[in-house]
Amino acid sequence: MSLLSAALRHTGRNMANTWKSQLTTLFTVSLSILIFSFFYLAYFNGLLIGQELGDDLRLIVYLDEDPSPPLEEEYRRKIEKFDQVESITFVSRQQAFASFSRQLGDDRDILLDLPPDFLPPSIQVSPIKSLDSLSRIKRFSDYLQTLPGVLRVQYGKEWIERFYSVIQLIKIVVILSGCLLIMTTTFMVAHTIRLTLLSRQKELELLRLVGATNNYIRMPFLLEGGFQGLLGSGLGMGALYLLYRWLLLRFSGSTLFELFPCSFLPPATIALLMMVATLLCALGSFSSTRKTLRF
Amino acid sequence: MVDLIKVTKTYQPDVTALSEITFSVNRGEKVFLTGRSGAGKTTLLKLISRIEPPTKGLVEIAGMDIARIPRGKLYTLRRKIGMAYQDFKLLPERSVAANIAISMEIVYRKNSFIQKRTRELLEQLGLQSKLNTPAAELSRGEQQRVAIARAVANYPEIILADEPTGNLDAETTQRVMGLFKELQRRDTTLIIATHDPSIYQEQRDRVIRLQHGLQDTSPPVPARPSEAVAQVDTVL
Amino acid sequence: MSLLSAALRHTGRNMANTWKSQLTTLFTVSLSILIFSFFYLAYFNGLLIGQELGDDLRLIVYLDEDPSPPLEEEYRRKIEKFDQVESITFVSRQQAFASFSRQLGDDRDILLDLPPDFLPPSIQVSPIKSLDSLSRIKRFSDYLQTLPGVLRVQYGKEWIERFYSVIQLIKIVVILSGCLLIMTTTFMVAHTIRLTLLSRQKELELLRLVGATNNYIRMPFLLEGGFQGLLGSGLGMGALYLLYRWLLLRFSGSTLFELFPCSFLPPATIALLMMVATLLCALGSFSSTRKTLRF
Amino acid sequence: MVDLIKVTKTYQPDVTALSEITFSVNRGEKVFLTGRSGAGKTTLLKLISRIEPPTKGLVEIAGMDIARIPRGKLYTLRRKIGMAYQDFKLLPERSVAANIAISMEIVYRKNSFIQKRTRELLEQLGLQSKLNTPAAELSRGEQQRVAIARAVANYPEIILADEPTGNLDAETTQRVMGLFKELQRRDTTLIIATHDPSIYQEQRDRVIRLQHGLQDTSPPVPARPSEAVAQVDTVL
């Protein structure tokens, strides 16, 4: 009891005395959290956008004959056995002709002389979405090619390849910068703690010499670290939210946000990030005193 | 209360600061520790408060071998001992009152007690007006008195004073010695390291003399002719 | 002369004495440079990829008649007047039919009954590439629509919009993270210098008190800062190059690097970055001593 | 050489450390500055070396008003003055030799000179064996001697010694005083702040007495009866 109240008193006094360096630490923590969660948010939304972008991704399997219903069932079964798909649509000769003429628009007169069955029937397969689906789609296409009665399998190969390349690039950038940033953050926090310790080394040694218990000496560090972690991560998250709102506003006119749904981190993630930050700061600060309490 | 048996202390790599020191100090006794600069006085005090471990030999406080105290329980020893360091070890940014309060705060003394005791000590040492001055803004002699006040504040059983009057004039020295006498009346054990013969010459207390780390058991030689007045030391 | 040699001696001794904190500083500088140049490299290659990706970007202007050569000239003139273009190709009815039949591949028999002029002639316009061209292309398209004899203007609207959205997203991420990282780097370097100063404050004050000139006191800091900046940025660049090589190796099998040309930063940029880092560190270190040399 | 005219020093907000001090010290003279703890001795020395500016009054060194020296030229003043600080201001990680060398290195003395002078000083002060020991591993008295050695090493015109013997025993004090005498013979001006009567009692030098920041011009009263032996001070 008296330990806790003494620790609280000490923490308060220390923070009041060294508010400059305290602000520095707070700023460091906030910045680190901001950077980290910014990248996480970017990645999170990248995944969302990736899903959205992949929506019209489908394989078109041209057949030589309109399949009979039992054959349709057979195709469906075989396709579903190979890989998960989102939907399978059968397009008959008529449907193909109708949609082609719709696509031609004002030029549809040119089709007048053509027999309505000059286009082959097809199956449109939409595979399940994932960010690594490029090779899967290739394998899928190869498989479909082997099915009986299949003329040709077609998909937006170039478009898909390019799109997935871009997504892959984003992923690499995000992961690598994530690693670098975790390093930086760790480093900065360690640095800040070292600075704080250095400025209080004398005091810690003295406390030890006059007979304070280890807990008495370390408790204020635990509290201080935790407090800074909590406040810092709160500020960082706040800054991130403001940044997010600003971006939404700034680009609300552009096609970017019309096309893609953007969303902020879910509350559970925010809570988790803040908790981890608080814990890390508290423990980091607490354990950093170990070296000083040798003798 | 304090017993040293054949204590040797060697600093790495080859400085023998103390060799085979043996003496004991009883409860309530006041003992002076003298010797030339570098003789090992500070080292001896550090051994007693376990700031340094002895290379050889046994140090006992109240009959307990202090080398046996585990690191986590060291505070029990340190609370028994009040040490006024030769380099003061004050916290420069804290006020005089805060510096003195430290030794009482760590044992959760009441605030009222702390304030009363602090004022009383500062008055005794002539520092009333400096209560709220940061330690960095004191003169050296004032700092020295604050260090002494911190050491004695919580009525420790043993007081180790390392050169407590090195920066003090004669009159202020008298005040400090008065404070020590008062504590002695409360059965406090005092070990005072000093090179100033004037503070032990006139007293009937025991003087332990060190010479290059060795205990000097020869009868004391007057350092300067004018001081060879009254040396009543009982060398052990 | 004696000043410089004394300063060199001091610098050497200081660095030998405090090699631990020196290593910390070095690591900080390296990391900062690595992070910064990594983002720069990502952005740099993003631009390259953007150019590459935009390559098949073109507007197709359908005409009602094959234009006569003077009309062709007229079109060309009008188009070039409106905006810079990379190329203008005229496609006649015949050419359109030929390329359509090539596209149909094995199914070309269906065209046998059609007249070879059933497809309209067109002009294919490739605008100059730039990363902000989406709105420009829209305006271009609107303009072309107004030209006489134009049936319809067509371009891969969706594809372009999506592609530019992704590029825009990358741009935002890179710019924002760039800002955050510059803040962090500045902060870390300031932090490190503060730590160094703190550990040498006593010495600086003493030197001032015994009568050393300001230059004598500060020169070692200048040299030390410069040396650390140089070494640190060199190491950072080295690390970046290794990272780059590793990425190339790691993804050499994937389509990413088959499609896009990837290149390291040009030597001039590297030299510039290193020079700036060296200068900044030297000056930062030098000027940080100002406060200490008050009295 | 050193002239103070009606010098007053007030520390913010309300500590008057010195008021209206006037005295002058001639070239080659040795002057003792005494007074109780907190009387203003250190403050006075700080004013002379311009570590602190005076609140009022004039401080002249060699006839020059030192308040007029621009900040960038301060080093010319500081090189004339060697000061042994009361808190030593040694660099704890550096060796004894390196600490002493500092005052010579800054004026680009030759290495051979530096080494010779360092050895000579250490021998004179009884520290030969500590040449390469880091300053942090010295006893306080040893540190004090190193601080004195650094102050005098480059033969400054003026030496200010602040409590140079506070941590020294009688015999080592003699060595230090011997060093000072030798420097005096080289026409060095010495101002020594001390509270130890024994080091000025026996000398024929002038004593300047401070009392709560005021100059005490009354005839000196012996601090302790046993010391009222021979006080030959000529108070200004």
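Letters A, B, C and D name the chains as they come in the text, with residue numbers starting at 1 for each one.
Just so it is clear, a contact is a pair of C-beta atoms (placed from the backbone, for glycine too) under 8 Å apart; a residue touches a chain by one contact, two chains touch by 3 or more.
Since the model is a prediction, treat every value here as computed from it, not as a measurement.
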- If you walk from chain to touching chain, how few steps can bring you from chain B to chain C? 2
- Taking each chain's centre as the mean of its CA atoms, which one is farthest from the centre of chain C? B
- Quick one: chain A and chain C, Cα centre-to-centre, how many Å? 23
- Task: Please compute the C-alpha centroid of chain A, do the same for chain D, then give the distance between them in whole Å.
- Result: 68
- chain C and chain D: spacing of chain centres that average the CA atoms, whole Å: 63
- Query: Per the centroid of Cα atoms for each chain, what is the distance between chain B and chain D, given in Å?
  - Reply: 28
- How is the touch graph of the chains shaped: line, ring, star, complete or other? ring
- Chain pairs that touch, by label, are A-B, A-C, B-D, C-D
- Going by the contact rule at the top, pick out the chain D residues touching chain B in the complex. 11, 15, 34-38, 41-42, 86-87, 137-142, 144-145, 163, 166-172, 195, 197-198, 223-224, 226-227, 229
- Note on the structure: Note: in the complex, chain C contacts chain D through residues 2-3, 6, 17, 202-203, 205-214, 216, 295
- Message: For a test of understanding, state which residues of chain C touch chain A in their complex under the given definition.
- Response: 24, 27-28, 31, 34-35, 38-39, 42, 46, 49, 53, 105-107, 110, 113-114, 118-120, 134, 151-152, 159, 161-166, 168-170, 172-174, 176-177, 180-181, 183-184, 187-188, 191-192, 194-195, 198-199, 243, 247, 251, 254-256, 259-260
- Which residues, counting only chain B, touch chain A once they are in their complex? 49, 51, 72, 74-81, 83, 89, 91, 93, 102-103, 105-108, 150
